[in-house]
Structure formats: structure tokens, C-alpha cells
Amino acid sequence: MPITINHLAEGINTVWVLLCAALVFFMEGGFAALEAGFIRSKNSLNIIMKVFADCTVGMLGYWAFGFAIMYGLDKAGLFGTSGAFITGNFAHLNLKIPIYAYWIFQAAFAVAVATIVSGAVAERMKFGPYMVFSLLATAVIYPVAGHWVWNPAGWLAKLGMMDFAGSAAVHAVGGWASLAAVLVLGPRKGKYNKDGSLNVLPAHNLPLAALGAFMLWFGWFGFNPGSSLSGLDLNIARIAVTTNLAAAAGGTVSALYTMWKYGKPDASMIINGSLAGLVAVTAGCAYVAPGSAVAIGGIAGILVVLAVQFFDWVKADDPVGAIAVHGVCGTFGALAVGIFAEKGGLIYTGSFKLLGIQALGVGAVSLWAFLATAAIFYVLKVTVGIRVTVEDELDGMDLCEHGIAAYAGIEASHVRAFAHLAEGIDKSSTKEDLVSSR
Amino acid sequence: MPITINHLAEGINTVWVLLCAALVFFMEGGFAALEAGFIRSKNSLNIIMKVFADCTVGMLGYWAFGFAIMYGLDKAGLFGTSGAFITGNFAHLNLKIPIYAYWIFQAAFAVAVATIVSGAVAERMKFGPYMVFSLLATAVIYPVAGHWVWNPAGWLAKLGMMDFAGSAAVHAVGGWASLAAVLVLGPRKGKYNKDGSLNVLPAHNLPLAALGAFMLWFGWFGFNPGSSLSGLDLNIARIAVTTNLAAAAGGTVSALYTMWKYGKPDASMIINGSLAGLVAVTAGCAYVAPGSAVAIGGIAGILVVLAVQFFDWVKADDPVGAIAVHGVCGTFGALAVGIFAEKGGLIYTGSFKLLGIQALGVGAVSLWAFLATAAIFYVLKVTVGIRVTVEDELDGMDLCEHGIAAYAGIEASHVRAFAHLAEGIDKSSTKEDLVSSR
Amino acid sequence: MPITINHLAEGINTVWVLLCAALVFFMEGGFAALEAGFIRSKNSLNIIMKVFADCTVGMLGYWAFGFAIMYGLDKAGLFGTSGAFITGNFAHLNLKIPIYAYWIFQAAFAVAVATIVSGAVAERMKFGPYMVFSLLATAVIYPVAGHWVWNPAGWLAKLGMMDFAGSAAVHAVGGWASLAAVLVLGPRKGKYNKDGSLNVLPAHNLPLAALGAFMLWFGWFGFNPGSSLSGLDLNIARIAVTTNLAAAAGGTVSALYTMWKYGKPDASMIINGSLAGLVAVTAGCAYVAPGSAVAIGGIAGILVVLAVQFFDWVKADDPVGAIAVHGVCGTFGALAVGIFAEKGGLIYTGSFKLLGIQALGVGAVSLWAFLATAAIFYVLKVTVGIRVTVEDELDGMDLCEHGIAAYAGIEASHVRAFAHLAEGIDKSSTKEDLVSSR
């Protein structure tokens, strides 16, 4: 059978979407590293296991019901009613790729929403209830919001909301769900003092967190350009550029701002500033010019710093800054489309119409995510309980939840190494050399 | 010269296979992180160096001879006889991509087989003999098995064995080679007590191991869908879905099973459960429905837990669970095709024929891998020796083999950091804050 | 509108280049991990923040001016004069992909040049001046060299210099810029003793460094084959093969050479040997046969060991070996094209003409990079200062520059873990078990 032009086109699009899906999935590893690195070592394994829960339990939830609610045949613009287990008719989606390619790309997004919350509830939430939440996040919370914005029949889609890769549908949803979760859960023991001051609970492994950020940034090459769903949409090239410039601007501004404000460039803020730029440009990456992307990323780079401080001020304890990065900058990113979009944006048209739609849209999905998450967390709290005991929290989640420590024996090896060096096994560097070098 | 349809098709296929090859190669980094994280820090650099040996010495071995034995002109269905150094005629392979694209994809697979064994022999095997084994694994052991299954003229291929991406040819081969290696090598000092009990030799860096698992999962987006060798085979989309659902099911079941059995979700088992699902679906990813993939992955998620316990019970000391993950679940995955395949599977046809072929096939390649590896390890043992001295083993492989420690000074930096904080360099967090936060 | 053959071709090429750009960008994470792992923990966060500076400040610099200088309309073969902020006419580049796809791929290269230098100046250079250098490296130093070699109107391009993916334009430029930087900056305190001997300042996390090397190797699947800029250029398959074989040969030879010379395979040298092979084959990957790639990589695997020793001998203190890997092996790689190229190489033609052009070319860009960097570092030194105080250097850059430690509390968690195990929380492994296992 001869190969047709249409077959080639579908092949290109499928290759593109599958490889972008792989990149988006890899962001789970990035989230795991980022979140684990930002918290204390005694809880670092537990948070990674929660990310595994998203990738496993959560992915099954999106397979069973989430995708159907999000992309099934529409009911009143609110949710889908067909397509459980990726079966049935999806002709209404007008896809140019196999439904399975679409599913795997979307599944990687769904899993990411749950994972955003995992960071905010770190260091105190029980594993079992988290599994339940992860399942509901991918099976219900995210799919309903996604239906509104991305199902062709969703009520926000019909209003003309523009959220290309999900500043609102993914990041604001994950970020404001995080706020709800944190408010129901309460802050970590020892975080806030009675006199109103707060304690820094130090990041145990910032190189690991930074590595996670690089993985996330890398994954965004799939997240944003891949949302075109087509390798023949040559705008994917400009999307890659706007995405990267926003990240660059976010990190640059966070560095300069913290240098100016505190005298030193703050490492956590540089990391989160880059991510904030990525989150903020995610809605508009396909709609704004490169220069606008720099503006969006740069604003996000300051917003994230202020937001981290704000949520600490109101004692919404978010160990990794998920609410600031995803909630605040995702919301800003959705609004920024109304300002910077080449078609419909305030700057280009002088009209507030699109900005209004964007505000309504991001407000609606954020409110839904907040309320749904608050309800789930509240029910879990009053039934099975969502928080480990104070004693367990002090001992660390890794021990109480998994019976093991994330790290065992690193310094034992180190001490032995030095002892041996001192005994002369390696003549090239004596103990004194090593000591003098410190 | 105008571009033709055939040129476009070959371009798509080549782009697809090269990028998938990159993903598969990246699994070496994943294996290195997984294995290093699962063992003690004093041996962690050594195991990573062994993975480097696979990628360097092993890759050269596959270039020189392995590829020829695997894909050269057939001799009696048993091995290839042409094509050393990627030269000569490969028309019998009927490729739709350049031979070099095929080679790099296959080379990444060959290297992975050797690396599976590196985990099982961790913490006690000498580096030099490992290099020799790595060379022979990629130049002979794997290529012979691969010839049987994947060379169009191989005796198992002709029988109709179905092993899409290598549950048998790659994972069972690597896993049962690991068992042979471990039996010849013997367990680590201090692992098994005289009274029959065993000691947990603790994983030194579980976040690193988990990061490795994410890298492996990510790489599987290339491993399985890429085995189509064609971006125009739109089944690649469903392959991506079956692959991911099996991983999700494996991790979910391992988590639930260990929660039920031991009261806590076991972190190592969740990691290995996800990998077990991936290994098990590798043979059938192109042949089974998504629901069957969930079943296959879920079964593998329990099998891997039982298998880890079994091999400890028989004192086959495998520090990372390679035999359980790759040997047992690879074998199961090959058999599962005979049960779940939409074309020929027991469930769909009621016929045991395919299952029988699969059993014969995976049995044959496993036996070959076991015997060949046992022979190589035995010869190495009685000639150059394969095991470091007891003293060196207690001191750690990093010191005795490389003269250096994997980690130097992490806690020294830490102590200094705290000392400074106490002296008030960073006014925002005093020593007391930090202490109180622990 | 029906899809045309040309549209399909541009789609394939764009998909290819964007995904390769993602791989090249991911090398920044690899550099960060490699460099952080190779140095002491007290400076590890700071070096990662410098890589962030490259990705953020540096990327903006390449956007604003660098790309224009490199690929804008030519002035006298020396630099570009149009195209700031990716605007204007780029028809002279004869691209078959969107200009934005070209830009993002090139931007990832530009950022890498700056990052090479970040490793060499580790553990002593101030962050602020580094930001300035990073901006100038991506906005001026690299673009001028790149213009000479890769702008169709550049003077070296017109001479016929062959540097496919940049052994000269990227690696030699980065490597010799590193030498200039190191000479102006001076060695780390405690590195060289008055009696001429030197101290090993130990790598604090070799698993992290190795992970970085795997990320870099993975990224090279984009760096070299992606430089074709076309997924329809089927030579990309052979480029992937030559690239990987050179890496394999480099690592193999470094391992064997250090085993022969020092009795033990040196882990840092195996890592750097693989990278040296990759750097060296980068110029010739599209022009040389696989066997030649093995030769090039193998030679680089020895060169890098000798070069590391040489630069220590002359007290050019380069904590990560950037000058050896990128400067020496990049230069060698450019020359190797003159020897091994199938078209024009000394071996094939008997003519020294190409070798002469390559020598002139790599010499010119190296000299430019060295002088420009020396000038910038000198001006920064006499104005704002480029080096932290001795006290800060002893305390570590993470504290003095960022007010935080890279690692906090790893061993605290560990100690607590052991304490709990001893108290019997986990009955399966007692303290004695754990102790006996060490």
C-alpha cells in the first residue's frame, strides 16, 4: 500500500506528541527531585513516594474516569459523560493523531496537577489519604476544570478563553488546590512561632532541587510546544522560544530582585523564579510575542518572591512554594493572555473583553479546584485523618510511613574514606592535604 | 532534487528511531542512579563506573561483534556470520531506516543487558573482570539470544515467538544472567547470618534510586514504542499507553500489597513494582489491550515482591533486585503474551499454542544466558578472580577499586554552615530555629 | 488547504530540531550536576546558580544581541550587524526551518559555552561578575567566533573550515576562555603548596557528577545529530553512531590508561574521558567513518588525562577539568577533521590543506576567546573584583554568596534513623544488623 500524504502527516504529529508526552512525563521526576530537595531529608523519601502515587494510582484514575470526564461527550458545558477507559467515540475532538497519543499526552498533564499539591502538603500529610486525593485529583478535580477550558464544548472554551498549555487549567488548578490542602492540613510543627516569627526549615539538598528544576524546564519543551498536538503547526518553534525566554526572564529577575532586596541572590528564588516564568507563559506561549514573553516571565519572577512571603505571612505553610509558583503565577499567566495576546490582548486591541474572559475563566477553575480540594481534604480529615502524629512528624515521614531513612550511611563512608586516606592508601592526598583544603 | 514521499517516510522513521535511541541510552543513567542509590555509599561510585564500562567497553563490543552475531546473515537459526563493525550487507533485515539508525537503537539495548547484571553483582565484584564480562555480554551473550528472537532467520523468530521490545530477549536474558553471576560470586559479607536470618544492608540514597526509576520510566517511552522502528506505525501511540498503564499498575499494586502485608508501603518495592510492570509489558506492549496491560503490570507488581523474598530465601544475594525485576518479570512478560495477545493469546483464542512457543522461547534464551554467564564467571573466578578481598569489601569498592570515596565532605560543609548560622551571618534563621525545626 | 510535500518536510525538520534543542538545553542540567559533583559541597550550590545564570541572563543576552552578531548580515566576515531580538531578515541563512527553531537550537549552544567556563572558575569567583561574564559570553564572545565558523559569510566558513557541531566554535572557545579566566582569577586557596606539590580538593559527590555525565552524553544525541538541522538528512543516523563510538572509545581508553598507569581505573578520568571523546568528535561527527570516530575518541581519552596533569603542573587550577576536556580535546577534534575527514582529510587525500585550514580556524577562535575573556576578566578584576575574600573562600561560596548551605541535615536524619531502628520501630533490621553490614 503506498504511503499517503495524510499518513505522513499523522505520523509526524504522532511522533511529535509521543515524544512531547515523554518529556512531560519526565517532569514527574523533576517535581520529585525539586520537592525532595527543598524539604528536610527525614521526609524526602515520602514526598517522592507521593509523586510515585501520582504516576501510578493517579494515572490509573485518569485512565478509568478522568479522561472521560475531561474529553467525553459534553453535558451542559460542565463535564464529559463518555469515554471511560479510553473507549467509545471521540470524533468530537477532531484529532489529527490517534486517540492513544492524545491520551498519553493528557495523562502526563493530569498527573502533574496532583503532583503540584504533593509539594505543598509535604512533611506532614499521611500517605494513604494522599493516594485517595491523588486518585480524585486525576479522576475528577482536574478533569472537570480541563473540560471547561479544553473540551470543545466546555463552557469556558465556548466563551473564548485562551489557555494554550494550561497556566489556568493545570497550574492555577494545582496551585489553588494546594492552598486548600494546606489550609485544611495546617502548618508543619516548628514552622511558625507564637510571637509571629517563622523558622526556616532548611532545604536538605539544594543541588537535587536544582536538578529537578532543570528536569522540569527540559520537560516544558514538551509541555508547551507539544500542546499544539501537531508537528506541522510551525508555530511550535515560536512557542519553544517564548517558553524559554519567559523562564530566562523569570530567573534573571528573581536573581536581581533578591540581590537588590536582600544583598544576595536567593538560590531557592532563582529556581522558583525560572519555574514561575515557565508557569506564567504556559497559557500565552502560542499567543504572545517573544518580547511579551520576557515581560510575562519577568513579572512572574517578582510575583513569586512576593507570593512566597505572603503565604508565609498568612501562615499557609507550603514547603516548596507550590502555591506561589503554580497558583499565583498560573493565575497571572492566564490574565497575561488578556493583556499580551497578539489577537485580542488589551495592549493590541485596547479591549478588556479577552482579559475579562480570562479572569472569569481562571477564577472559575481556581475556585472549583479550591473548593473541591477543600471538601476532599475535610472529609478525609474527619474520617481517616490526613496528618501524621506530632511524634511521627518530628521523627520524619520516611520512618513513620515507610520504615526506612532516605539516606543511610553517607557520612560513615566518608569517615572511613578519610581514615583510609590518612593511613596512606592513596598517597596522592594525605589527610592533612584534605583538611588544609577545607 | 524534489523530495519524495519515500524520503519523507524514511526521515520520519529515522527521526523517531534516533530520538528513541537517545531515550533508551539515557536509561543507562537511570540504571546507574537506581543501582547506586539502592546500595551502600561505599560501593556507589564503583557500580556507576561499571555502568560506564557497559556504555564504553560494552558499546565497542557490540560494534565490533555483537551486532554481527545478532543481525548478520544467519547460520542455522543460531547466530549471525556477517556484519562486524557495521559493514557488509544487511538487506535481509528489510529496514526502512538507515542501518546506522538501527544500530544505535540496538546498541542501547545491548548495553542495557550488561547493566542489568551490574546491579546484581554490586558491592563485591572486581572492576577488571566486570569489564571482561560486559564486553562478552554485549558481544556474545545478548547477541545470540537476540538473534534467536529478533533476527528474521532466528529459530525462535521462525517459530513465531512474539517479544516486541524484549521482555525475553533483553530482560529475562539480563535477569537470569544476573542469577548465574550471583551464584558464582556468592553473597555479600554480612548479608546472611548463620542462623538463617538476613541483614538489611541499607540503601544509602533512596532519592537517587527513585530519580533513577524516573529516568528508566522516561527511557521506556523510547524502549517500547521505538521498537516499532517506524514513526508511521501509528500503533506506537497505543504502545505508549500500554507501557505506561502497566507501570502504573505495577507501582500501585506493589504499594497496596506491601501496605496490606507489612502495614507500610515499601519504597523500594514501589520503585521496583513500577519497573516490574514496565519489564513485564515490554514483550506484549504492541500486542495487548490497555486493560490487559494493567493486568500484566499488576501481576508483576506482586511477583516482584515475592521474587525478591524468594531469592533472599535461597541466599542469591541481589542488592538491587535485578533478578526479580528483570528475570522473573521478564519471563512472566514473555509468557503473558501467550495469554493476553489479541492475536493468538489464550484468552482470545483458547489455544495454548502461542503460550507454548513463548514458554519455549523465554526458556531457551534464559537458559542460554544463565549457562553462558555461569561459564564466563566461573572461568574468570578460577583465573583472575572475580571478587575483592574481604577486607576490601568491608572498606568498600570505591576505595579499593578507585582509591576515592563517592562522597567527601558533605557533612563537613553542613557543620560549618550551622556554625556560621549560629554566629549570625544569616539573621533570618538562627541555630535555635534550625534545631527547633528538627 | 491540502498539506504539501514541502510543508511535511519543514514539519519533520522542525520537530527534529526542536527536540534536539531540548536535548541540548538539558545538557545545562548535566553540566550543573557534573560541576557540582566534582567540587566541594560548600561551593556546590553556587556553581549550580552560575549555570542558572547562563540559562537565564545568558539566554537573554543571546536573544538581545548574540544571535544577531552570530547570524546577522555579515560585516567583513567578522560579525553580524542585523537581527537583534530575532527580528529582521535572515534569508541569507537559507534555513529550511522556522527562524525560531533555529534560534532555540543555537541558544542552547550559546548557553553551553558560558557554562563550560563556570566549571573552571568554580569555588572562588564571585556571582555578580560571573553574571556579567555570562552575558558577554553569550552576547559577544561566542557569537563572534560562531560567526566566523558558521555564518555562511564568516571568514573561516569561506575558507572551508569544517566544524560540524562545534569542537572549535563551542568547545575550544569555551575551553580556552576557561584558561584565560583561570589565569586571571588564580588558583583556589590550598590547591598548590609552596614546595610545588598539590592537594586534592576532593569531589564531594561523584554519583552526582556521573549523573551529570550521563545527562551530557544524552544531550549529545541532540547536539551532534541535531546540527544537521534536518530530519531528512539521513546522515543523522551515522552522526549518532560516530558520536557514541567516540564517547565509548574515550571512556574505554581513559579507564585502561589509568589502570595501566596508576593501577586503578580513575573515576573522574573515565567520566571526563567519555566527555573528551564526545567533544573531540563533535567537529567531525558528520565527516568521519565510525572507525575514525573510535580513533578520535580514543586519542581524546588519553589527551584529557595528560592535559589535566599539565594544567595542574602549570598551576592553572581548573576544578572540573574544563580546559582539558573542552579546550584541549575541542582543539584536537577540530584538527582531527583535517586528518580523518572522508572528504579532504590527510589520510584520504594525502593533502595537508584541510588540516591547515582547521588549524588556522581553531587557532583563531581559541585566541579570540582567550583574549576576549582575559580582557573581560581583567577589567572586572580591577573594577568590581572577581574573587571572594579568603575567609569567604574557606567558608564556602554557598554561605557567603547565597547565605545557605547546599545540604542541611542529611546526617541528622541518618542518625535519627539509626536511633529509631535501634529502638525497634523496624523489626526487620536491628542496629546490630546495620552496623555489622558496614
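Letters A, B and C name the chains as they come in the text, with residue numbers starting at 1 for each one.
As a working rule, a contact is a pair of C-beta atoms (placed from the backbone, for glycine too) under 8 Å apart; a residue touches a chain by one contact, two chains touch by 3 or more.
Worth saying up front: this structure is predicted, and the values here are computed from it rather than measured.
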Mutual neighbours - chains that touch chain A and chain B alike: C
Interface composition of copies chain A and chain C: same or different, split at half: different
Geometric centre distance via CA averages, chain C-chain A, whole Å: 29
Chain C residues counted as touching two or more neighbouring chains: 5, 8, 12, 15, 19, 40, 42, 202, 205, 211, 403-412, 428, 434, 438
Residue ranges of chain A in contact with chain B within the complex: 2-3, 5, 7-8, 10-12, 14-15, 17-19, 21-22, 25-26, 28-29, 32-33, 36, 40, 42, 44-45, 48-49, 52-53, 55-57, 59-60, 63, 85-86, 97-101, 103-104, 107, 127-128, 131, 190-191, 199-202, 205, 208, 211, 394, 401-414, 416-418, 420, 425-426, 428, 434, 438
Chain C - residues contacting chain B, complex: 5-6, 8-9, 12, 15-16, 19, 23, 40-42, 202-207, 210-211, 214-215, 217-218, 221-222, 225, 231-232, 234, 236-238, 240-241, 244-245, 247-252, 255, 259, 262, 264-268, 270-271, 274, 290-291, 294, 395-396, 398-399, 403-412, 428-429, 433-434, 436-438
